[in-house]
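These notes are about the structure you will find just below.
A, B, C and D label the chains in the order they appear, each numbered from 1.
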Amino acid sequence: MNRLATQLPGLSLKNPIMPASGCFGFGKEYAKLYDLSKLGAIMIKATTPETRLGNPTPRVAETPAGMLNAIGLQNPGLNKVMENELTWLEQYEVPIIANVAGYTTEDYVTVAEAISKAPNVHALELNISCPNVKQGGITFGTDPLIAEELTKAVKAVSSVPVYVKLSPNVTDIGEIAKAVEAGGADGITMINTLLGMRLDTKTGRPVIANVTGGLSGPAIKPVALRMVYDVAKQVSIPIIGMGGIATIDDVIDFLSAGASAVAVGTANFVDPFVCPKLIEKLPEKLDELGFETVTDLVGRSHRL
Amino acid sequence: MIRQEQMEVVQQRSIATNIFELTLTGSLVLDMKQPGQFVHLRVSDQMEPLLRRPISISTINKETLEFTMIYRADGRGTALLSEKKQGDQVDVLGPLGNGFPIDKIEAGQKALLVGGGIGVPPLYELSKKLVEKGVQPIHVLGFQSESVVFYEKQFIELGDTHIVTADGSYGSAGFVTNVLETLQDDFAVYYSCGPTQMLAALEKMYPEKEGYLSFEQRMGCGIGACFACVCDTTEKIEADYVKVCSDGPVFPSGVVQV
Amino acid sequence: MNRLATQLPGLSLKNPIMPASGCFGFGKEYAKLYDLSKLGAIMIKATTPETRLGNPTPRVAETPAGMLNAIGLQNPGLNKVMENELTWLEQYEVPIIANVAGYTTEDYVTVAEAISKAPNVHALELNISCPNVKQGGITFGTDPLIAEELTKAVKAVSSVPVYVKLSPNVTDIGEIAKAVEAGGADGITMINTLLGMRLDTKTGRPVIANVTGGLSGPAIKPVALRMVYDVAKQVSIPIIGMGGIATIDDVIDFLSAGASAVAVGTANFVDPFVCPKLIEKLPEKLDELGFETVTDLVGRSHRL
Amino acid sequence: MIRQEQMEVVQQRSIATNIFELTLTGSLVLDMKQPGQFVHLRVSDQMEPLLRRPISISTINKETLEFTMIYRADGRGTALLSEKKQGDQVDVLGPLGNGFPIDKIEAGQKALLVGGGIGVPPLYELSKKLVEKGVQPIHVLGFQSESVVFYEKQFIELGDTHIVTADGSYGSAGFVTNVLETLQDDFAVYYSCGPTQMLAALEKMYPEKEGYLSFEQRMGCGIGACFACVCDTTEKIEADYVKVCSDGPVFPSGVVQV
C-alpha cells in the first residue's frame, strides 16, 4: 500500500504534493532538475484561448516573508499549450491539472472544452481568482452567483473533473465555495494570492509596473490555513490547499485543516527542489505523528 | 547543469565603498561554462528576506573549485550577504543563464568591453577568457565616483583600461560614451554589462557592430519558469519576448527592446 | 514651523506617528519607558460599555513576519477607562483617540457619547473590524449599509470627530470606506487585522484558543498599503494608515500611499521604543527625500 | 527600570542535549532585582522570527555586569539564539516582571525549591540568594531524562539536591511529586517553576504552606500592555485576572487558577 496515495475526482495521486499554477511554468525548467514523475500532479501555468504577453515589468517584488507578482497570465495560448507543452509532458507519469483562465465565460468554456481532452489532463482548475488582470480572473471569483454560473458552464463542456480556484480577497470565502459546489465543481483549490502593493520608498512609485500584485509566500499562510479550515467545514467536495507552504510542517498543517492535497507555489523559487524534498519527508513525518496514511491525517483538526 | 549547492565562503572582503568581493568554493564551479553566467543566492536561512539574489560570476577557478562574485551591498539582502564570513555556507543555485560568447571573435582581433558600476564584474572573467584565446581586450569601465572604483589593476593587467567616473573624481569625467567617442572603433565585437541606458547608448553608437549585452530584470525563479523577467524583443527575432534568466542575461545587440 | 505637524479633524498632531489601538494598552506601561508627550497621539485599547475579560489563552501566536492575536477586546469597561485611564493620561500633552467597541449599536452609542466628553479624547475610532469577538466588531465592518448606519448613530452623539476603523477582510474595502464617509465619518483608520489561523503541527490543534486570530505585523504591510492607496482614491476624508509598520521606510510608504498619519501596532512588541525612534528619524528622512513637510509627502504616489 | 540594551555575548555553551547556557554582559544587569525576573530577547535582526522570546534570568553578577540564562533550543527562535557566538550582540529588553520574594523567609529556615525542566534555571539565582541570607534550600529538580539534566553540581553546592527523571535514566524515577512525598515538610516557604501541571500538584500537596510559583504564558509585549498573557485568578484576590509578564511571572500560591 502506498501511504501517500490520495484519490481525488479525476486524480489518482501517488502523493499529495504538487507545484502550484504559475510557479512551475509547464514543467520544462524543473524537468532539468529532477524527474517530474516524482510529483503528485502538476498544476500548469494558466492557459487562455489566445497568446498573452502579460504585464509590463517589473512583475515581482519581495515583501516581508513573501512576494508580490503581477505576471498577468502570460502564456502561449491554448493551441501552443496543447501542441508543445502538454504533448511534451506526456513522457512523465504525472497527472496534469490545467489552469484555465480568460476574459469571458466563452474564453473559459473554449479552453476548458479543448484542454480537457488532452490525454494527460486529468482535471481542470478554473482560475477565477487572478488579481493581476483587468478583466476576467478575480471578477469571476468575488461574486457567488457569477462563480456558480461559470462553474456550470465549464462543467457542461469539460471531459474531466473541474476544480475551482478561490480568491482570498473576499468577505466570505465559504459563500463562494458553496456556490461553486452548487455549480457542480468537483473540488476546490485555494487560495490564490492576496491583493497587495509595494512602493519604492525613494520615489514613491509602485515597484510593480502593474501597481498592485498578488501576495504569496509564507506571509500569507495564516490566512490561507484559516480559509481552508473554514471552507472544509462548509463543503463536501475535496480541497487542494496552498498559500505559503514551504516546509513539511506547512504540508501537515494544511492537511490537518482539511485539504486532501497541497500545492507549493512561491517556495519553488526559494528552493527549486522543494517539492521532491517535501515528498521525501512526508512518510517520516507521518511516522512521527503516528499516522499510517495521508488520508488518515486529512481534516484531523476538525476531529479533535 | 543547474545545481543547488551549499558552498563555503573562502574569503569575503570589501574592495570599495559598499562593494564586496566574495569567493565561494564547491563542485558547482565545475559546471560553470561561460563568463556572464550568474548564480542565484539565498542570503538567509530564514523566510525573510525570502527570494534569492542574482549575482554575476566574476572569476572562475576550476582547479581550486572556487569562484568569485563582486556585488554592491545595497538593500537588505546584499547587506546580509556581506556579513558572511570565511567558513560560512551559502546556498547557491547555478550556474544560470547564457553568458558572453567568446567563439564569435578570433585570435588577433580586438574586443571592446564596456562595463558600468556593478555591471563590471562579469567582464573580468570574459576578459581573461578573451586574452587566453589571443584576443586583445579594450576595457572602458564607468563608475559613479572614485570611492566605488574597483579592479582597475586587474583589468590593466589584461589590456588597455579606461576608467571614467560620473563625478570626475577618478579617471576621466563623464560617461563611458564620452570615452568611447575618443577611441578607435577597430574592434570586432563589443561586450557590455551595466545600466540599460548605457546598453541602449552602445547599440546606438555601434549599429553595424556585432555586440553582446547583459541585461538585468527582477527575478522570481531564476530558471525560466515564472515569467517574471521577460523583456520585449525587436523585430530582429521571431520570439515576442525573451527571459533574462534563461534566454539571457546576455543577448546579441538589437534583440531586446531598450 | 513644525515640519511634522499634521492637522486632522479634531486632531492637532505634533507629528503623524501614534501607537495603534490594542498594542499600547492605555499607555501606562510605555510611560515607564519614555515620555508619552512625544507621540503624535495615542489610540487607546478598545473600550466597551462593560468590563470584558476577553478570550481564553493562548491569545497570541507567531507567524512568518507576523503574529496572530485573539485578545477579545479585554478592557476594564467604560467607567473605569474614563475614571482611571483617561484621567491618568491627562498629565501628558497628547491627544487621545478612543477606540470604541461593542456588541450592538447601542453599545457603540453608549461608549461614544460618554467617552467623547473626556477632555483629552480628541477623536473616536469606531472599531467595526475586530475579528476576534463573536458578536459586534467585524460584523459591522463587512456590510456597507450597516457600517454607514452605525457611523450615523455614533456621529449623532459624539462630541468629537469620528474615525471609522476598517476591516481588510472584505471584497471591496472602497465600498465600505465610501459608506462610512456617507454616514458622516470624519476620517478612516485602516487596517485592522486579517483573519488568520495557526495550527500546532504536532497535535493539529489551533494554537490560539479562540481558533482564529487577527494577523498583524510586517507580513500584512503589502495588503494594508494597497488598501490605503485604494481608499485614498475613493474618499476625501483623511486616512490614518497602519498594518505592518516597523521602519521609517514603512512610514514614508503609507504617507505616500495617501495616509495623513500612521499608527504602529505589532512593532511596539518587537521594539517598545519604536514610536519615538520613528518620530526622531522622520525629519532626516524628509530631508533625504527632499520634502519640506509631512503634509507635502502625503499622497505623493497618486501625483506621480 | 525596564531598559532595552544591545548586550554582548560573553559565552554560550551547550550544557545538555539541546540545552544552552548563555552569558551576556551590559549595564542592564544593574537593574536586575529579583531571582525569577526574566528578559525578553530578540533572536534575529530580521523580521522573521518577529516576536521576542521570554527567558528567565538564571544567574546575576553585578560586579562583572554579566547574567546567565539557560534555555532549551526548541523552536526556531531558540535555535537561532543558540547560534550566537562570543562577541555577538543580543537585543535584550529587561529586567521584566516580579520574581521570587526572598523577604518572605528568615535566616535559619528551610526553603523548598522545586523545578521542572527549563523551569529549573531561575531557581539557581534564587537558591544563591537564599543561601546568602542564611536560608537552607532543598532542591527537587525534575527532568525528562538523563540527557537533559543540567546544573546538578551547582545546586548540590548550595544545598540538598534531589534529581528525578521521568524515564528513570538518572536520579530517581518519576515526577518531582514522588520525591516530595518522601521528604519532610519542615520548610517555611516553597518556590517553584515548571510546567503548570507540576505547579498545580504542588498547590494541592501543600495547601497550608506559603508558596511562590512562576507561570508561563505566550507573550506579546512582555511589559503588560497587550493583554496576551493573562491568567484567570481565584477568589483569593480581588482582580479578575493577572498578567504573567508584569504582575508575575511569580505569584503567591493559590492566586492563579490552574
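We adopt the following convention: a contact is a pair of C-beta atoms (placed from the backbone, for glycine too) under 8 Å apart; a residue touches a chain by one contact, two chains touch by 3 or more.
The UniProt protein names, listed by chain, are A, C = Dihydroorotate dehydrogenase; B, D = Dihydroorotate dehydrogenase B (NAD(+)), electron transfer subunit.
Just so we're clear, the structure is a prediction, and the values are computed from it rather than from any experiment.
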Pick out whichever of the two, B-C or A-B, is joined by more C-beta pairs in contact.
-> A-B
Could you put a whole-Å number on the gap between the CA centroids of chain B and chain D?
-> 55
Whole-Å distance, C-alpha centre of chain A to that of chain B, is 36
Between chain A and chain C, what is the gap in Å from one C-alpha centre to the other?
-> 34
Distance between chain centroids, defined by C-alpha means - chain B, chain C (Å) = 47
Note: chain D residues in touch with at least two other chains are 47-49
Shared interface positions of chain C, touching two or more other chains = 64-66, 217-218
Determine the shape of the graph in which chains are vertices and touching pairs are edges (line, ring, star, complete, other).
-> complete
In the complex, chain B residues that touch chain A = 1-2, 4, 42, 47-52, 77, 93, 217-232, 240-241, 246
Would you pull the chain B residues touching chain D in the complex into a rising list?
-> 44, 46-49, 80
What does chain A use to touch chain B in their complex?
-> 22-25, 28-30, 32-33, 45, 51, 53-54, 57-62, 64-67, 69, 71, 74, 217-218, 246, 266, 268-273
In the complex, the residues of chain D that touch chain A are 47-48
Residues of chain A defined as touching chain C within the complex = 63-66, 68, 142, 169-172, 194-199, 201-206, 212, 215, 217-223, 225-226, 229, 244, 249, 252-253, 256-257, 289, 300-301, 304
